[in-house]
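Shared between the two complexes below is subunit A, which has subunit B as its partner in the first and subunit C in the second.
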Partner chain A sequence: MTQRPAAAAGDKRRVASGLWQVTENDLESIAIGAGILGTGGGGNPYIGQLRARQAIRQWGPVTVLAPEELPDDASVVCVGGIGAPTVGIEKVRDLQSYYALRAIEDYTGATATALISNEIGGSNSVEPLIPAAKAGLPVVDADGMGRAFPEFQMKTFFVYGVPCCPMAIADEKGNSAIIRETVSPVWAERLARALTVQMGCVACYAVAPMTAEQVRQTAVPRTLSLARELGDAVIRARNEGDDPRAAIFGTCPGKTLFCGKVVDVERRTAAGFARGTLTIDGLDSCAGERMVIEFQNENLIARRDGAIVCTVPDLICAVTIDRGEPVTTELMRYGLRVAVLGFPAPALWAAPQGLAVAGPRAFGYDTDYVPLAV
Partner chain B sequence: MTQRPAAAAGDKRRVASGLWQVTENDLESIAIGAGILGTGGGGNPYIGQLRARQAIRQWGPVTVLAPEELPDDASVVCVGGIGAPTVGIEKVRDLQSYYALRAIEDYTGATATALISNEIGGSNSVEPLIPAAKAGLPVVDADGMGRAFPEFQMKTFFVYGVPCCPMAIADEKGNSAIIRETVSPVWAERLARALTVQMGCVACYAVAPMTAEQVRQTAVPRTLSLARELGDAVIRARNEGDDPRAAIFGTCPGKTLFCGKVVDVERRTAAGFARGTLTIDGLDSCAGERMVIEFQNENLIARRDGAIVCTVPDLICAVTIDRGEPVTTELMRYGLRVAVLGFPAPALWAAPQGLAVAGPRAFGYDTDYVPLAV
Partner chain C sequence: MFIGVDVGGTNTDAVLMDGSNRDGPNLLTGAKVPTTGDVTSGIVNAVSELLSGQPGPPSVRAVMVGTTHFTNALLERRSLAPTAVIRLALPATQLLPPLVDWPAPLRDAIGGLTYMIPGGHEFDGREIAPLGRPELQAAVQDLRRRGIAAVAVSGVFSPVNPSHETEAAALIQEAAPELRVCLSHENGRMGLLERENAAALNASLGNVAVQTVAGIKDALAALGIDAPLFMTQNDGTLMDADYAVRFPALAISSGPTNSMRGAAYLSGVRNGIVVDVGGTSTDVGALTNGFPRESDVAIQLAGVRTNFRMPDMLSISLGGGSVVSGGSVMEPEPLRIGPESVGYRLTEQALVFGGDTLTTTDLAAAAGRARVGSPHRVAALEPQLVNRGLAEIQRRVETAIDQVKLSRYDVPVILVGGGSILLGDALSGASAVLRPEHAGVANAIGAASAQVGGQVERVYSLESIGREQAVADCSAAAVARAVAAGAAAESVAVVEVDETPLTYVPSSATRVRVKAVGNLALI
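And then the complex of A and B:
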């Protein structure tokens, strides 16, 4: 998945060699694709889409730069939302990521020249578009996860040597803080999460600028393009009466782990996360079997009749059987007919350094990572 | 109490006109006086004394300046501890207030020329001595409360117009954060408390520098001298077989609210505070009666047989009957024979602006403030 090609040459959205622009027309596709890559989390993609639409309508489209197109002296700020998706659908974000961007610029004295998404999943895939549109900045076609993860430190940037501090965090009321220095990225998560809970369980952050070289070395590339392509493929399949899952796998190799009906969702908002368990009873070829998925904002581990079939950092995503619509954990509900899809993790996560931060043991599961075979 | 005179002329500790120095010999007196003014909180005064002793032994005595002796271009940083005193007696602070001082200097670009205590109660009375000794800075003979209060925003500085942000907060591990901007001082408390809980329920903070004029206008003056004088008086009474309470009231006008034996202490460490209730059964002239005191780090409200006899912002302090030794809420225990003393609040608190921030209603009690008559 990390080797996905850039948008095809001749794409009408390219505005210069290697560039394209995110317009209002791209947002539905990106929301679908980011819903799939979000593995259940990353914030509600539909609300993210609406917010990004408003920003682009008000301030204009946003230019997308591939990592290799960044000027060498670029100052790239990672922005993202933090909190519980269950809260995010009621307490919709405003310009918090813009406030966080300004706060980190003020703190570091460096002016951002491009923004990058913390994670390509859910609403976080489009979160940078909002401050980018407002500030007239480009976004990078890459992110820090290639999927979504629940915790701040779980970014390829930090795994591969980019400092996680200083970082700024801001809410919609006018409160902002800088996490200045921490003994580890996990401590940055602890402090940021505590602030987020006080801020109402929904906030945004901005990390001190990265260089172009750091982005090239540590980001998961081409993920905004991939999200758009995934969404394009799903929409095309719907329009043409094709199987949405075949369209998804044609764009991003993966496999169906299970098909069934959601029979139980146990969900609680705790410690600044949406945590819970999803139970699906099999249909068709899965009849008589049961899949149980545990989630912390994102789907973490899937068991079929008790046997583990997929774990983080591989992607576990539920889509509706009929339309291939991704269903995030905060909207999952009894009765939905879903297919559970699995996709191999980006190579940066499947490496030992990646697994130490976001493998099954990092989430407290006493099991080794077994890469999903597709 | 805010009108206490400066240390008497000719005091051997004066090193220049209007100046004195805090030496190791002053610390026992300050600890006793700050224990009384701390109204049960402010952090354990004995541990504060030991920490200040170590700092002065290592880096030398600390010069004390009256507010009017500050140069007009002074840059005065308020430093203090934050957290639950119940935790502070097990997790002893180190140089966190020094780290917080350096963090706020780094953030604001201003170099401190003097330090001031956030509150004259408990260990916070001497907290500034530690970074002051290490950094070679003077401390101001004043503080932001003239007593102790549990919450960050409860400072005369902020009540009378000094901004509470930016402020830095640091732990002993190497984590630090800046609370950059908040919509109110109460929000600064909320964010700082959340960080403190993560940092292990004990941390230190430093507020962006005040000017000399701001200190003169908003601080409660002469309180470090008052703490030392109170302690001197108690020690003198003990040595000479006099009544310690008479010595206390001779230095700081007040009255005995109750005398009795502690029969119950209900105490819990919750939300970054030590909260609870203290029950005292009367002895001697109070026999047959009962006093119940509710506390949140500090004693907040005292009821005698159900009738309120003293509330914040007036000072409610328990001292041992025999030695006049103040007993803080984290060390209060069954069986102690204590006198409960009341002192009128500093004038800055008894004013309407002060009561709005730290009167009984600010703590959720449905009662008006009735000034203690002495």
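And then the complex of A and C:
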């Protein structure tokens, strides 16, 4: 087990209020935290973690800026990966997000002064670190989801009025394209997916720069720090033999929705998305009860003995009971002993504009959002 | 008759069985001898002892061996061939070059030479770039100059389209016929880095594999045994000796699988927990329908990440050779058990065998659980120390069982391995504690009763091929692989089909994995 550096070393990194540097040592923690915030989606973190490590080794650590620390004239570019995780373990991503960044700078004539993650959940959390290390840019301690979602348009930036176009999309071969204008973010997603398939299913995109004010108004703040702190807490709990769940809740308030053994995972594919149902039979204090979770890449609705206990956009995360290891829907299997954790959604999602894009009805469920009481 | 051999870190076990694989073999006799430094002479000793009680020369039809040769070679970084890795991928994948996540000492031990050249395929079979023949030729010239003996070739999406790997192999062999060439698509599943790592391990283990197989064959010949040799793979199936020479990495860590298969065979339990107490460590794993539950996480071999299918096991540093210190009423030192172990020197160094090191086996002997060595040598041990030590051992094993168990319900627990004498007959979490007869040689029995298998994983674009056709194609490839590994064609059956649709892509593509197993083909 990897021993993290002592807390004192972590404190030293905080050069000023909220400002720290992502080094190689933070990547394992970020991967665990991003896995928890990934709510079952977001893919395998290994490749992303390894790429970020190589980038940091090659080009140096990456400075993290709180949104309030951005200069008012900042140009903040959101970068992210788009494609199929199953392809990404084979044709491992290269510098696509860096190429997309350069393409959007070239098209808009703006020079990026910071990068921001589109999605803190799963492997996309570390994507901005790679072009940031190479270009010598800081990353913002915030993202466009505060969790994971399956589709491009499901970002707080776009929900709250940041245009999603122009955007650049790039592959590893030197091909790039600009989506100049679309009538809605959904159309941007459609066009980007079509390009992605032709590009071989592991592309990256970069959206035209946001202003500092737009970031402060529309991004979910402090999420990179949260991912690292969640991972730190889990690793510390493992090393010291403490309960990883208590450590998680000590970092990010939430509650245990259920504890049990996975007894069935039913999967089907619809329009490219892995939909399915996960059935968990209760153990210990939940013995005799059953939880059923419906997922579309991410966990969306949790029912306990038939009654809904948590819905999207609140976060529904499964972690192994003993080690607090987040389990993606892809790796869910019979016999795993998991704790299902619920966390309240970021405020930007719980508001009516957010629910219209990412509430239960947006995913086709005929139910209203009832915020999780913690 | 069949001979099964399992070489562990401490002991080498051998069993003689009769009957066919189909109906389940029948154990005739077993032998257990200490593992030797050179491994091969331990095998000779075990088989000699096994046959010493047999009237006349044995008519052995096959010998199955599970061995730690290859694991040891990697852990000790001994006899590894200078190996280069050539990846066919440019312009893709440059940020993560071959061997990127290997432990530095092992990478250095094989030379760490890597080349990336144009080539490889997309998920739907299109070329990323045409194969870079000039670059490949230059690479071969360069690696010959540097004294490289073996080459691993990995192409992006070679499980979907192996043509660049096979073209590259032809070109390499033409320019440098003396090189050992291992292609990633021949034994790997999806996952470029993991498959490439496996190919590099196979390439670097070439000398060890040739020597090991030749050594075992010579030893068997010297014992008058003229029978085909098979090696056990880490997924619980067999491969013939020639296949093992090509793919030695598949034999790494087959011990735990053999132990679990042997435990299922001996106990008749198909669902339960197997606790294998060895000399240095204890492995705890779950049996599901007679087979070990497989791990979903990437398996690390000597610190190298691979995607082999292996049993989902929990290993704790506790065994029959674990060193015990403190815990005496006369000493202030707290009781300490392991992780140090006297390992295969147990019969020289443990008190009960006349040595001067207090081990867990001495505690078991003092309590009368184990009838080994000379009991009078441990008669003077403090009863409190003996009781506290054995209670601590039991507590650690019970905790491990609880972590591996799939439910809160008690399940049968099968104790195997030479160190199982450390444990009592009641364990919490166990509905029954079974100590099958011959449990001490469960690994060798697992080896002797293994089937021959083949596993293939491919991605199919469902726009060009139907779903059923995709599964049929993958199944045919798995069956062919099982036959190539030594299975009797008529007995091969597909035992596992796993289909995972590719997500986040509107076009329909799917990943299919098929495992086929069959009985050993005997001439």
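Quick note on the criterion: the second predicted complex is superposed on the first by the 336 of 374 C-alpha atoms of A that agree within 3 Å, B and C clash if a C-alpha of one lies under 4 Å from a C-alpha of the other, contacts with A are read in each partner's own complex, and residues count from 1 in each chain.
What we mean here is this: contacts are C-beta pairs under 8 Å (C-beta built on N, C-alpha and C of every residue); 3 or more make two chains touch, one makes a residue touch a chain.
From a predicted model like this one, the values you see are computed outputs, not experimental measurements.
Engineer: Give one of first, second, both or neither to describe whether A:173 is in contact with subunit B, with subunit C, with both, or with none.
Structural biologist: both
Engineer: Answer with first, second, both or neither: which of subunit B and subunit C does A:183 touch in the superposed model?
Structural biologist: It touches subunit B, and subunit C stays clear.
Engineer: Which partner does A:283 reach: the first (subunit B), the second (subunit C), both, or neither?
Structural biologist: Only subunit C; A:283 stays clear of subunit B.
Engineer: Based on the superposed arrangement, let me know which partner A:130 touches: subunit B (first), subunit C (second), both, or neither?
Structural biologist: second
Engineer: Output check: A:103 vs subunit B and subunit C. Expected answer is one of first, second, both, neither. What do you get?
Structural biologist: first
Engineer: One more residue to check, A:341. First (subunit B), second (subunit C), both or neither?
Structural biologist: neither
Engineer: In this superposed model, does subunit C or subunit B come into contact with more residues of subunit A?
Structural biologist: C
Engineer: Based on the superposed arrangement, let me know which partner A:197 touches: subunit B (first), subunit C (second), both, or neither?
Structural biologist: both
Engineer: Which partner does A:148 reach: the first (subunit B), the second (subunit C), both, or neither?
Structural biologist: A:148 sits against neither subunit B nor subunit C.
Engineer: Both subunit B and subunit C contact which residues of subunit A?
Structural biologist: 173-174, 194, 197
Engineer: What does subunit B use to touch subunit A in their complex?
Structural biologist: Touch list, subunit B to subunit A: 103, 107, 168, 173-183, 187, 190-191, 194-195, 197-199.
Engineer: For the complex, which residues does subunit C have touching subunit A?
Structural biologist: Of all residues in subunit C, those touching subunit A are 89, 91-96, 100-101, 120, 122-123, 126, 128-129, 156-157, 190-193, 286, 288, 293, 296, 298, 305, 403, 406-408, 459, 500-511.
Engineer: Of all residues in subunit A, which touch subunit C in the complex?
Structural biologist: 46-47, 50-51, 54-55, 82-87, 89-95, 130, 150, 172-174, 193-194, 196-197, 200-201, 261, 267, 269, 271-274, 283-284, 287, 297, 322, 330-331, 333, 335, 337
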